[in-house]
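In the part that follows, the structures are each spelled out as structure tokens.
Shared chain: subunit A. Partners: subunit B in the first complex, subunit C in the second.
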Partner chain A sequence: MKEKNLSKWTILLAAICMLTLPAQALSGEVYKLGLSLAITGPTSDAGNPYSKGVEDYFSYVNDTKMLGDDKIECMIRDDQYKNDVTKRNFEDFLDQGIVFYLNYSTGSTLALKKDFEEEQIPVLPASFHAGNLVDSNYIFLPIASYSAQMIGLTEYVVKNHKGGTPKVAMFIHPSAFGRGPVEDVKKAVAAGLDVEIIEVVEHGKDLDNTAMLKRLSGKGVQYVLSHTVQSPVATMLKDASSLGLVASSFGEEGKITFLGAHYTGGNDLVALAGDSAENFYWTTSYIVTSEPGEGTDLQLALATKYNRDEKAANSHNYANGMMVAQVATEVIKRAKSKGKEINKETLYEELLGMNGDNAFSPKTTVGDVTFSETDHAGVDTLQLYVVKDNKFMSEGSPFIPEYTSKIE
Partner chain B sequence: MSSNRWLATGNYFTSYEEEQRIFSTSLDRSVMCIFLFILFAWPLFLSVGNKYMLVIDNILVAVIAVIGLNLVTGFAGLISIGHAAFVGIGAYTVASFCRVLGDSHIIITHGWPLMIVVAGFMGALFGAIVGLPALRLKHLYLAIATLSFQMIFQWTINFMNFFDQGQTIPVGRVFWVTGKVARKEHYLFWYYVILVVIVILGFGVRNLLRTRYGRCLVAVRDNDRAADAMGMHPGFVKVYAFGLAGFCAGIAGALHAYLYRGVGIDSFTLHHSINYLAMAIVGGLGTLQGAFWGPLAIRVLDLQVERLSEWTGSHLTAATNLTTALRPLSFGLVIVLFLMFEPRGIANWWRIFRSYVKLWPFRY
Partner chain C sequence: MSYFFQLVVSGIVVGSIYALSALGFVLIYKSSRVLNIAHGQIIAAGAFITYALTVWVGIPIYIAFGMSMVITFFLAMSVERIFLRRLIGEPIISVIMVTIGLMSILDGLIYLTPFGTENFSFPPYLPTTPITIGGVSISWTQLVGVIITFSMIAGFSWFFKKSTIGISMRAVSDDQMASMAIGISVPKVFGLAWAMAGLSAAAAGGIIGNITGLNFDTLHAFGIVVFPVVILGGLDSIQGAVVAGIIMGLIQQFASGYLDGNWGLNGTGEVMPYIILLIILLFKPHGLFGIHEIERV
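Entry: the complex of A and B
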């Protein structure tokens, strides 16, 4: 009787082994990535959809077995836009053995720059601040820097302005994020870009910009170039609209034409400013959902698949998050296909090799992602959009600012 | 008092000197020794990730800052809502040296103990200057004066190119007798440094409170006119209270700079000043233990609320940004509840617990 029982147990154990062992062998590798960003707190209106874009794209990679049996585990932590918390999150990710890091704000990217160098870990932040790349080997900007965006807008003003030297004012965020491009635009002007910078305004938490707009108008400012987040721009546009200062066509005489870089625009601006956002010119490297294409189809399909609301689905920050996840996935895929072990070093190598024939087209941007030893800005091409009937519509073809290379 | 100090179940002082002892009983002294031994020894036996070491170090830095705040607000009764600015003075003292000499200059990397002391004295200097209005101002008016210092400090840092307009100024890695403190040992190294500073400052403050200078602080807090009549100089006491608070804050700032290997204005805002004040209140104003309990309680609460808001943030839609309010809400609630139900702070719970243990098994 005892022997019979024993054999039963042996068979059961063997069956368990047979069932579990192949499953373990087939389960594949798990590659750990980390993302620390503002899901709550300041700038969370951008950070929240950004995190969802990252999360959904990696879920999509795992669900569709894009990496075969291997999976990506991206740990997403809220840092509430606080550098101290970002540092803690980054240490946590390192403790858990991440091979690639996705960061968010300009402040924390600058604060952790030395850590990135010591850890030799490739980093893709949501900040496109050109200063991120100074004395850094491991930070890569997903798209053209804020400086390039502002120079691109200025070049557009110069090319399309009629009569004399255009007078511009810069409306910027009171931080390194906002101040960064000012010097570069000034350098471009010194290098021959024919505009007159009348004033640089660092906005506070103003709820009314009437006085500022009247002052700028009084000084003959024809164009306001904004580099900040959406809400101050929305306040300014609403006040300008009330004062009847918004140009109904580009460069309309006696009126002001408003333009802005990546984080000033998108659907959130239209939601905040309403009809006052009409004729607002905006530049980014991302394709927006009001201009359907292969990338935006994927964006909307992902948002639907993972039950995101319409606001997140149509956000350019959702596309922004998706895009960095696409780049991270692509370098893992490339390293895998070459039979390399997936670690910080190999992913860094793959990022540096992403150029020429190896450039990556994520379809969510207007150009290819290219990186090299000397080029750490991904998509160099920008697209100008203008608000028409509460939608951002393409204005002209994608372009690369000329003066960016002249001031280097 | 019992002839055997190990069996004492209460404090029966027969002389003024006995009452002024640092440890009332031998048991107290032994428990403190064991506690200190545990604090120094546990990292040798337990392995903790860098994330948690950073959290622990951060709490300890806050303890140093709150020791200072407790001196000025708890013991001397002078409200300061610019304490983060004093911490910032210490941090930016280190940062200034980094800007001028370079972040890897030998003074920064090898002379760090000196830098910490210099930062402390800079804090003390600014503390004494800001304390000057205390000669004329009291209560809310003094609070506003310290608030204005906080604002001036933030504005100066934010707009001066020398301070990189508030962006992080890097601080180099330090050297110890064994060589350069590598990234792997960084947080553990600073844990020990901060712990040593806390022990020195803790005993320093405890001793200060036994001297006439310490008693002057309490006397001026309770009634400055009476203190004046008794021969004390209330004005001088107030200024030196601010100076002492600034010294502790300056040291905390320098340690913060070295711990985070960088100095940015983000860590020294009005929000942080309120946070230090909350730590002092929750811990227990006017008690040395309160300076330890407060930072621990507030930081742990912060971490838990952070997790909760992160969880809710990732589950709610982007349109409902309600989770952003969770942290300030919980933070405010804790302070209000403490002010309502336990104004003497966690230190009072500790006192009750100790009394219970001391008298056990007797009820009275």
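Entry: the complex of A and C
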């Protein structure tokens, strides 16, 4: 009788244990990631599609069982471009046990650099500021840095300018984000890149850029290299257009050719500047939907699957968000395939090993993602685009700026 | 010399748009002594309503522009009726805190729409070739902006000087108690002041949006950018807003045109208006046209 009672209790206990086992133990692991970014507030025109790209790609990973029964749970929080909110979000993510962190702005990436070092957590920000990598082991830039982009544009000017030394001006955002590449471009010039930097202009909330444009034109500036967001570039292009200063072909004498880095361009610039954006030259490592390919097909299919509107679907910042999610997923996949436990350390190791034959091709970029102990910039390759009939079209082949390595 | 005149023209264009943006502050302060911190959000809302009516509803832009002014007229009037009327007689700091709260609410509401995070531009409706006379250029967008600005300012000046309601509003501004004693409804005057500020904000939003494109951050920032104009003009003077706006516009253009890029200077167009503002306020603490009230005990 006693034995019968004991076995009853054993069965009951076993049943309770089965019921209370976490669902995840039965259906696979859940890997937690965090993303803090500006979904509202300044720069949310970039942050909003970026967050959608991240969210959709991780949903796709889970829905298609890309990681088998395991799932990715990426917590996405709005920080309104405020560093203190980003820090609070990051700390909360840590409390919840994230194994990988996606950050956004230059300011918060620089501000949290020490925290990332202390926590030893791999971080992919949306900021491509080269300074993020100084004294940091855990920050990885998804694509070529702003410095590389601006140097790449300057090299293009030098190679395609007819006549003597081209005169350029830099039009930058009044922040750490904007100022970042200025010194590196100057270093490239000192290292032999043959341009004359006439002026570096930090813009404000300008309603009219006539004075600046006339001044630059008067000083013989033929190229304006912009590193800021789309809105001030759009205003400048409209003013230049109304003053008849926009070059109709690259380097047209007596006129100004406008060029810009990643966050100056894309469909939003065309939306803001309209026809004045014609002949604007832009560089990024992402493939845009006006140049269809395997990556953009995936991007558009993903956006359709998750009911995104056409604007988000065609945004290069949607591709940007998608791509960092692709990289995070890839390192988890690789660690899993090697039978490693998924944690901060193993994902960091996998990022460092992403090179040579193990380079990763997300298809959304013009080159492979490569990281190593000494290389924390993902896609080194850039593509130049030019606006023709309100669309960004490829100009030449993908390239790697030569002077980036000369100034290191 | 054409360079100098180009800067003058650009300065007047920018200055007049500043004046129109500042007008909303002045109209409200003039009648109720309230500084509306949410004015930038109303400017943005006006621009977005114009866009929505034109592009989404398909109404011609000139009509949409007018309709947007009417809608913001009633929107601002409702804001005053719902949030601010109860605060008549309360400490001024409470009223300012309410307008700060209002700013957050409007921010939140706009972020719920595509306008909060996406960029748009009005469909082209003006010739793109600028008007050039003697080497001095002005775009049609700027010219139309200036014409609308001066028409509105002239209209408001006439309204305050000649119309019965305008005179009532000035009376309320001078002395609320005395105004009530002669039968003027002070709450109605406050409501009308807010409504007119909404109307001018929509006009400013439409003009700024046409120049910069429709970006929420850029548009609502003009609520703050025009602060020096409001202070310099004297807070409660329409004439002051116009003169201060044009002074600020000219200073910006001249500083940017003659100082920037020389002697290692940069961004003086941004900072010079504030330096001039400080200097003028040293000598005229109530602004150029502000009323110096003397209290006798």
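Operating definition for what follows: the second predicted complex is superposed on the first by the 382 of 408 C-alpha atoms of A that agree within 3 Å, B and C clash if a C-alpha of one lies under 4 Å from a C-alpha of the other, contacts with A are read in each partner's own complex, and residues count from 1 in each chain.
Quick note on the criterion: a contact is a pair of C-beta atoms (placed from the backbone, for glycine too) under 8 Å apart; a residue touches a chain by one contact, two chains touch by 3 or more.
Being a predicted model, the structure only gives us computed values, none of them experimental.
Chemist: Just from the overlay, do subunit B and subunit C fit on subunit A, or is there a clash?
Modeler: Because the two structures are overlaid on the shared chain, the partners are seen to clash.
Chemist: So, A:G28: does it touch subunit B (first), subunit C (second), both, or neither?
Modeler: So A:G28 meets neither subunit B nor subunit C here.
Chemist: Using the superposition on chain A described above, determine whether A:K311 touches subunit B (first), subunit C (second), both, or neither.
Modeler: both
Chemist: Considering only the touch criterion stated at the top, classify A:K87 as touching first (subunit B), second (subunit C), both, or neither.
Modeler: first
Chemist: Applying the touch criterion given at the start, work out whether A:P174 contacts subunit B, subunit C, both or neither, answering first, second, both or neither.
Modeler: The answer is both, since A:P174 touches subunit B and subunit C.
Chemist: Kindly classify A:S44 by the partners it touches after superposition: subunit B alone (first), subunit C alone (second), both, or neither?
Modeler: In the superposition, A:S44 contacts both subunit B and subunit C.
Chemist: Quick check on the superposed pair: does A:D95 touch subunit B, subunit C, both, or neither? Answer first, second, both or neither.
Modeler: Touch partner of A:D95: subunit B, not subunit C.
Chemist: For A:G68, is the partner it touches subunit B (first), subunit C (second), both, or none of the two (neither)?
Modeler: A:G68 contacts neither subunit B nor subunit C.
Chemist: Looking at the overlay, what does A:E118 touch: subunit B (first), subunit C (second), both, or neither?
Modeler: first
Chemist: Where on subunit A do the contacts from subunit B and from subunit C line up?
Modeler: Of subunit A, residues 39-41, 44-45, 48, 174, 311 contact subunit B in one complex and subunit C in the other.
Chemist: Mind pulling up the subunit C residues that touch subunit A in the complex?
Modeler: Counting only subunit C, the residues touching subunit A are 3, 6-7, 10, 13-14, 17-18, 107, 111, 114, 116-121, 124, 128, 130, 132, 137-139, 141-142, 208, 211-215, 217-218, 221-222, 225, 252-254, 256-257, 260-261, 266-267, 269-270.
Chemist: Residue numbers of subunit B touching subunit A in their complex, please.
Modeler: So the residues of subunit B in touch with subunit A come to 49-51, 54-55, 58, 158, 164-168, 170, 183, 187, 260-262, 264, 266-267, 306, 309-310, 313-314, 317-319, 321, 323-324, 326-327.
Chemist: List the residues on subunit A that touch subunit B in their complex, please.
Modeler: 39-41, 44-45, 48-49, 51-52, 55, 76-78, 80, 82-85, 87-89, 91-92, 94-95, 107, 110-111, 113-115, 118-119, 174-176, 179, 308-309, 311-312, 315
Chemist: In their shared complex, at which residues does subunit A touch subunit C?
Modeler: Residues of subunit A touching subunit C: 39-45, 47-48, 174, 198-202, 204-208, 210-212, 214-216, 218-219, 230-231, 234-235, 238-239, 241-244, 268, 271-275, 311.
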